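The two complexes that follow have chain A in common; it is paired with chain B in the first and with chain C in the second.
Up next, the complex of A and B:
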């Protein structure tokens, strides 16, 4: 089961790289949340039942429901529906993504050891690079936020890769989730720069 | 030769099923399932007309296109019966046979000296070039998965491997082969065979000067190509050691479903903007690359 979910997760990353509509970004992040929920359930069989319940429900609730919902609300309230026109073309972004996948597999094999699942490690590196690529190639701050969410998902997969041996890392991943929730709440609740021009120019 | 005969049988009904699916979905009475065959019959009875500025290349290109597809058909196995032409790395030969047919159509379009046809040839060459990595990476994945490099061996041993990843590769393979077939045959979302504006055409503008018998040959090549890709999808979906009658029934069902899927995709999907086509095709390469990475990991080819 985990194999299927991992492949599906990697495919969502490819589609994240080429999409241009924020509604699709929100949907893909929601799908990633559900996939991560499935991976959590099937992989973390050595942790205590309390930890498993907490982590899986947090994944489902935050990543699968709350974060996509908040992004959709931000899109509606700011009326920013597409990435900026001067963003790097999806073709080149996809090329970078393919190269990053190649780099990921070499990095994962460099760090190969019996305690870490190599497939997870590869996908985690791939997700991390994809998040970074989305951040550096897009101009709108919402794109940066989505890139950060992808990075955050990569941290979560890293934590699952070593989760059975180092359960504390999962809690750190969960903390990052909560931090992202607060970040988005700040962005959404405080109506931070709802104007399109300001969103375009606000880089830092 | 059962596979060869079945591909011809499937090709006869393939365009009709696509048309019927599109008509039913859009609520029209639409043409009958045999309408494309009647159109072909009409075209076969007409003579070809050649421009005085075109050369022999323009006259032989449709025939070479059809010949290349027929040769490619002979390389597709059926059930546990190996293909007529069967040797190591034959999928490379298969791909370049189809490419040779396309190459002749492209140079015949350039031979007419028409600006429109040159534009269509340019687009067709670009999209074919971009889809090639997806095809080869996918076949390389299947070759590494089974440990063999010919179509017959790959498909015969695909289900014998008993790996957990069989289902993943068959789903990914079927998805990618459907998309590759759509691109190779210039259908949605890359091209719209029904468009009437030359500037937005790809394949249709390339064959604007072909008529009568030659145009019928080009259509037949396209129908056969669809059935060839349908046959590859069938081989990837059904274990080779099943009962032969069941295999034949499943072959017909899979070709039928493949044609209906194309009809549905063409009914519900918008055509891509021309500039978006390279992204779309590269996405297929990226997806097949993911499959390749997984096979590298599970076979431990790099360490």
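Up next, the complex of A and C:
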């Protein structure tokens, strides 16, 4: 079950790389939240009920509902629909994403460990690289936000990977999600006009 | 018990300020906090070596840094009162609330003996610093705050991945917490690749706090835009927090197979930091940005010192202690300069000696100190670092860093001389509406005098504290 869900998660990442519409980004992040909820339920069977409830509600409520809702609000308030024209084209982005997938597979197999599912580790690396690629190759601030949220999801998958051994780490990872999500999306998302691409007042 | 009280009272004071109805009451609460922090620092000296609340240990380095934070924090609080004196009550309260929260979180991070606890405090400092950088509510402060929060969050996320890799090395061992002692115990037999990945991620993540290459940029913007007293705290207390994290993980992993690799990485990062600092300082046009790059330079030297090993360890700790005093003094001075000149742009500033002689003297003495020109204590640390490099036969690193330091000295000297003695290249037409008392420069002179004294005499208790802090590292 976990393997199917992780592969579905990887498909959403590839889709994220080629899409240009922010509404699709919001939807995909919501879907990722639901998939992570499924992974949490199937993977964290050894942790206490309290921890499981906390993490499940975080994925389902925060990642699956709140984050997409906030992004949709930002999109509506700024009327920004698509990524900037001069951004890296979908083809090259897809190319980078595929290369990062190959690197992720290589890294995960190099780090093969009896305690960690290799498919899981591959997807965690892949998600991390994808988040960084989105941040680096896009120009609009809202794209950077999306990239960061993808990076956050990778942190979550990494923490689930070691979750049965150290449930405390998942709670900390969740704390990061909520803290940054609320701060960045709730405050800066609205204040900073995420449809602008010029943040160059501060320079040498 | 005392630590619990300190944390609860500090947090309560920070939140209480939000509901304060007058500036006088806010001021009173902040002074109470200052006294509380000072008392807690004194108390920490009596508890060296003991652990409280499982996650906090009063070790030598933590107690030393806590004391420095208390001393610098007092100056920051005092100059903060001046900086925000004309602000409306809401801004005034938010500033002080964030300041209390920041100092408390930094203190908690210093004392953490557990990587996850330290990480949580580091995360909380991002929130507190954001409130302080955004204090002026200008477009530029919003931009700097956004960059700080965003990059800090990326850094924190990467550091967390590093922590997860450390935890993966603990699978199948009796250790299942992330205390530095457990990490140290596991490291010797852990798979080197896991340790390398975790060190790399944690280093890059906490480089945002330590203001070192490759995540130095946010520190530069934050220092340039934040209120000067806050910049003083960021470049001392917060930078020290980044250092203590990297230092603790470095010492925890020093018994592992990746020790040599970590040293090489630190030296590489150090050289790149010096190169970046020299490049940007040679074309710096803004005084605060120039001093922010000087922080990058000093952190680069510190990384080289750690990488060099031997006498470099002692030099690294002594360097960061002195850097904290010098840099906070210089950043506090920036506000006084701004108040009499109305600008921090180099082209528009000049004749500072004529306008405000006491401030000009601070700038000259502070610059001499930060450039490590005798009698600055930094001269001593640089000599120790070079000696360690010579003993290791690291001639390339020695020559490269000496050359880059010369470039930095040149860049700093011509700019400071221009501000102090020359006429401004462009007229701003600014007329100061207030006269600054020379008494305001006292705290800065005190800081610089401490650094100068340390060049000639290091009290035995300080030597003992530093030596104990580095005692676990290989000789």
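Simple rule for what comes next: the second predicted complex is superposed on the first by the 186 of 204 C-alpha atoms of A that agree within 3 Å, B and C clash if a C-alpha of one lies under 4 Å from a C-alpha of the other, contacts with A are read in each partner's own complex, and residues count from 1 in each chain.
In this text, contacts are C-beta pairs under 8 Å (C-beta built on N, C-alpha and C of every residue); 3 or more make two chains touch, one makes a residue touch a chain.
Owing to the predicted nature of the structure, the values given are computational and were not obtained by experimental measurement.
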item	value
Chain A as common anchor, with chain B and chain C clashing or fitting	fit
Chain B versus chain C as contact partner of A:14, first or second or both or neither	first
Which superposed partner A:95 touches (first chain B, second chain C, both, neither)	first
Contacts of A:109 with chain B and chain C, given as first, second, both or neither	first
Greater residue coverage of chain A in the superposed arrangement, chain B or chain C	C
Smallest distance from any CA atom of chain C to any CA atom of chain B, in Å, after fitting	14
In the complex, chain B residues that touch chain A	164-165, 167-168, 172, 276, 278-280, 282-283, 285-287, 289-291, 293-294, 296-297, 302-303
Residue ranges of chain C in contact with chain A within the complex	116, 119-120, 123, 127, 130, 139-140, 142-147, 149-150, 153-154, 156-157, 160-161, 163-164, 167-168, 170-172, 176, 178, 193-194, 197, 221, 224-225, 280, 283-286, 289
Touching residues on chain A, where the partner in the complex is chain B	3-4, 7, 10-11, 14-15, 17-18, 89-91, 94-95, 97-98, 101, 105-106, 109, 112, 118-119, 122
Contact footprint of chain C on chain A as seen in their complex	110-111, 113-116, 128, 135, 141, 144, 148, 151-152, 154-155, 158-159, 161-162, 165-166, 168-169, 172-173, 175-176, 179-180, 183-184, 188, 191-192, 199, 201-202, 204
